[in-house]
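Chain lettering (A, B, C and D) follows the sequence in which the chains are written, and residue indices restart at 1 in each chain.
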């Protein structure tokens, strides 16, 4: 182990040598530069290992004195860790900056000094020394920024030096006062003698110190200068500022934290978290990449500051490891990701966000970019996710719900602008202008790789290693590696993997989970047959699909809420990416992601609240008696967003309709059931005494039935085939929510039966739509027509599925309706039953419109030559038809198992009498109904068939057209605006109030952000004024 | 009585239609449908005679005389006669007076869209010999050159009583099995078509409007 | 088992035959009554029979395609099926039909079977009027089903069963036990809905004989039309029998059935001859207005 | 109204002014000035209504006479404008830009007289006669009787009576058939 003091010898010596002998050193200069950096990286590592093994914290005392007289350095576990990563960043940054430093000797020298300063800030335990190191850092940084000498850089550097000058003065005055009061400059001694820091002098000292630290940490609102630095300086340097300097300053603040009284601490927390929220809010308005990253950096540091103030003060000792992991994880996540982003930005020539679309030409860079964004947004499998989870858990445990709410808001805003950016990159016009250098790429890739590694470590530390959680990602990566295999083979492989997984998973599951496994695996494998149809490699599609489906398995097997939430987030992200693949404009995918993340955050809040009251993340029981209402609202709210309930449905139509045609059936039929699974789990795990009796179920029921009604109503006015089906899905899932809300045996049986039935018919409909769209090249229904002759098989499939959808006997849809109404009436939800009935009649309208506009009516001239849909679409459709027919003829083969499973939770009210299903109100014999219907159908049919010899088959224009002849098929087909009278009568119900509401929310966010942004005038004097104001404000708030 | 059509081509040329529209129309030739024999046909004819649905299509000025028929004053519903808005379901078409070439085209279409057995009732002098428009450049002189007519009712215009008398006569014809206009049309299809095409110059429809 | 099945089927045939003859006669009678209101004699009572024979006696037919061909078959299967799932005469084995296979919900949803099939058939004819009329008809249907559904729910609360037989037997034992007296609000709501179901004026825009010649069946003729007319008699009566069972105490013999169904039908006939026609959106608004409020009130009163 | 005529005469070569009634005057203008006169009347003199546009076949003079009837609602006054055009090459400037419905009259004239109005909307489409192939039927050299006999299968045995004499002989047979 090397004494850390050598760091402060070797680095300046090297810098001095390089400066004075640079004419003689030539190429050796680079060698020295890196050797020294490597040394500084190596130095803390043995310490870290030693300390992790349980070694004791080392103190270095200079000049042989002991505190309070000596200047001492400390290397504890925090210091060693932070030094390791900062110096690592230093090496990587230096590597990146190599090009930038070419031809100048000052760059490397300043860089070395800067690194030394950072290490000093971290290690020193002396207040004045801290000041000195801060000055060293800021001066070297100022020089680094202004190195290239452009006017922009000079202005930014000047603002920086003003701000840091003011901060230094404040810091110095604070230090002087403290020295006066405590008689020492050593921080530890000072903390120990904290009782001495009293009176006006003491509080002023602390406030001064605090203000200085806040300025140095670039907290809101005293950070205008920092934004200019991020924008103006070279990306490599910005990366070091965002990663290194901020982290070191954060550590300085962390060190000083025990000095401050709780009230000051809460001011710090407030400022930190406000910075996080407001910076992310303002990030919404940014159009320049570097400035956006600057906002995000400041926000992340704000979060760190706020969290450390919140957590460390509320729990002095216990659970410190978790808090360390949170802070360390957050730090490292931010450090690596932000540095990586800044480094990428250095490769790209343009400044605007959309100029990054050049990344599309470099899939590996794009992949890295996406990883970095996801890490920052706190999505799995990156460290950010674990941090997010633990923040929620810890804050909930400390009952800091308000702050938790703010942090979640900030996270959401951050995700919004990051993924809007990502969407912009994926979907805007391809730009040119990128310079790729190996020296630049190496740090980027290393950083990302490190992040995966750290994430694994964190998973290990926090929840224990779980191979299942990694499996989906591993398999997806494996398939991703097989890049050059044709898409068809990949589809086949995907199907096999899914079925294989199912085969192993099924024995582990029981009851309800088994039913959902049947929904998730064989059926999605069935839908995947449709993917065989498309040629090409389709890179990305199958990987994401398998990620989604296998994560669905993890949802089912998860024992803790962490596992559940992890898989949930993986599904969300993968679905977002797969939607983004298919859509033409990124906003549909973004809308999906924003709403899903908001839902996920609500779920997270619910889980964390449950953890707070029960102290366990085990998914066996949620909440205790006095907290159940809140948990119920949070979790149900989160899952309702996933089901697309009315009010939060606006993501749904776009996501379902605009995505690729063969993914639509999967997302609408299968992924919508994850929300149902979640709701069911909530109701089950809340405990029967609460969940069965809560009045909230009534509200849930009304939400469900309103969703069903409005979904159907929206569907009838759609001209676009897939939008109609999407709205129809929304409505059908509304029925399921309604049935779940009943909390009765009959209701839940109905819910699952509805779910199965919905998968069957909606699968057929979306697959048929895919086949039609593929052949016709249009999604507008009124452009189709008369396709029954061209696509008879598709017609038959659609016919059967709309009969199953509408609930007309004898097909399976009637069973679901029968169960639903019986359940509703049994529960005495009469008005809901009436509205559900109305909704189911409205469903007729779009069913007829669907089949008429596409298959009946006049065949269009330009579609005369179309062929039947591809076989790959037809195979799954006909398997599903067989299933529908089977459960129509023998409803008991599906109702019985469902009813049995549900009887485990609630006493059964259904009974069987032969094939007749009896409820407390009515009865139904699907088998006999089918036979009778067939019988009464056959008799007139035979009668009519006897006349067939006298019949003449005619063509499409042989119609009675008021003694005229039709002009063109296009003008004879009635399909556009099919229900104008409905529009007149009930159109007021479909005014997009909800869309308007959310548009207004987004508009307000942007407006507020725009107004707030105006405080950053770009004028150094204003920024100085901000600092003064802040000091005054803290003084007032501190109440001294 | 009726010739067999075996020796005629089964497909119609539909030469009046442009090539890209030909697929839109059926090109089958109308066929003679032989009545049953004996009592059964008599029974069916009785039903046909007592359920006469007339096409509610006023082709000329005579249509004004049909309105009183259906209202309280004359009430033809008594005789099982009812108006019907679509030729598919009607069994009798009433040519209400003078008939211009333009109207004739529509009459032919409607007539051909009716189902066998179908009957034609022609009102007024104009349908018989042109009436007061006998020398007009655009009014046909006799309707039976274009479609087979079962009953002519003379007059300008015939009063509703005369029309009822015409209906009675038509009923007798149907009952006696002599109202086989549809088969006559199919039998002499080429002759009728030639006559029609002689005056309808822009024949933009199929040869037989199924 | 076999013998039982054969007996049930034979009974169903008898029941169907009786109801068809009665239904056609009822149609003739209504035509006669409407004519008398107009001051005419009107066609003979047996005119519907002659019309059906005539239509079936047409020698030629055309068809536009498979669904066009099947449309009327769906329609009449819907009509017959609906009737056969309703017990026509309380306590009679012959007229019990197949009511053992399902309850009121089945009947309510089987109503749609024929309509959907017919709409498909009409759609395939490619005639724009058919499509327009179907669009109007379906739209209007959704509206009048709301008060009807509310009324049925009110009944389910009142009798705590959805079995039609159960509802009828609960109304036995005197005229005051009929739903019309015990639950007048539900009855009124349902009877207004019946006006819509029967598609008499003012709700006959679906058939709109002048503007869109007789609506969905524009292209149907000959034997198709014969099937449709037969269905009209059966389906009409199925609805009437259902209403009789639900609201007017059911029937214990055929005479009572005839009297009651005739009286219920007269309601819509009288309304039909006295009122002009609603446009579609007007009738939607109408049904979702007062009748729906009546239905909700009926539900609320029963729940109280 | 004489003032109006005077005003018109100042600018246009007006001939044959006929005072038909107090509120109806006919006048003749040369073909070249017709449209500008009509435009003037419509825009300056408030003749906002084109009542009709017809033609007369002066076969003897080898002329077609076009009659534009304009109406001034302010004075309740009609003005008929006669334009004589060549019968051999009957072409006239269209006025559909002044009144949209003029194009309908012009289509009719095209069909019935063969007078062409280049530029008028749908001028070449069938108006009443569908697929007419003979010379335009309202020209006086077109013999409708001959055409009818040639085309429409005249029924033999048709007899024409002077209705007055015929009814007289029916009702008062004692007065004798012919007087």
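Here is the rule we use: a contact is a pair of C-beta atoms (placed from the backbone, for glycine too) under 8 Å apart; a residue touches a chain by one contact, two chains touch by 3 or more.
Since we're looking at a predicted model, the values are computed, not measured.
Asks: Go ahead and name the chain pair joined by the largest number of contacting C-beta pairs.
Replies: That would be the chain pair A-C.
Asks: What's the distance between the Cα centroids of chain B and chain C, rounded to whole Å?
Replies: 36
Asks: Provide the C-alpha centroid distance between chain A and chain B, rounded to the nearest whole angstrom.
Replies: 73
Asks: Quick one: chain C and chain D, Cα centre-to-centre, how many Å?
Replies: Computed from C-alpha means, the inter-chain centre distance equals 61 Å.
Asks: Scan chain B for residues touching two or more other chains and write them down.
Replies: 33, 86, 88, 210
Asks: Using the touch rule from the top of the page, what residues of chain A touch 2 or more other chains?
Replies: Each of 950, 952-954, 956-958, 960 in chain A touches at least two other chains.
Asks: Of all residues in chain D, which are in touch with two or more distinct other chains?
Replies: Nothing qualifies.
Asks: Which two-chain combinations touch?
Replies: Final set of chain pairs in contact is A-B, A-C, B-C, B-D.
Asks: Show me the residue ranges of chain A that touch chain B in the complex, using the header's touch definition.
Replies: 861, 864, 950, 952-958, 960, 963-965, 969
Asks: Mind listing the chain A positions that touch chain C in their complex?
Replies: Where chain A meets chain C, its residues are 786, 788-789, 799, 803, 806-809, 814, 817-818, 821-822, 825, 828, 830-831, 833-834, 837-838, 841-842, 844-845, 847-849, 851-852, 856-859, 916, 921-925, 928-929, 932-933, 936-937, 939-941, 943-944, 947, 950-954, 956-961, 972-975, 978-979, 981-982, 984-986.
Asks: If we count contacts the way the header does, which residues on chain B are in touch with chain D in the complex?
Replies: 101-102, 105, 128-130, 134-142, 145, 195, 198-203
Asks: Quick check: in the complex, which residue numbers of chain B touch chain A?
Replies: 20-21, 23-26, 28, 33, 57, 86-88, 106-107, 109-110, 113, 204-206, 209-210
Asks: Which chain C residues qualify as touching chain B in the complex?
Replies: 31, 35, 38-44, 47, 50-51, 53-55, 57-62, 209-210, 213-214, 217-222, 225
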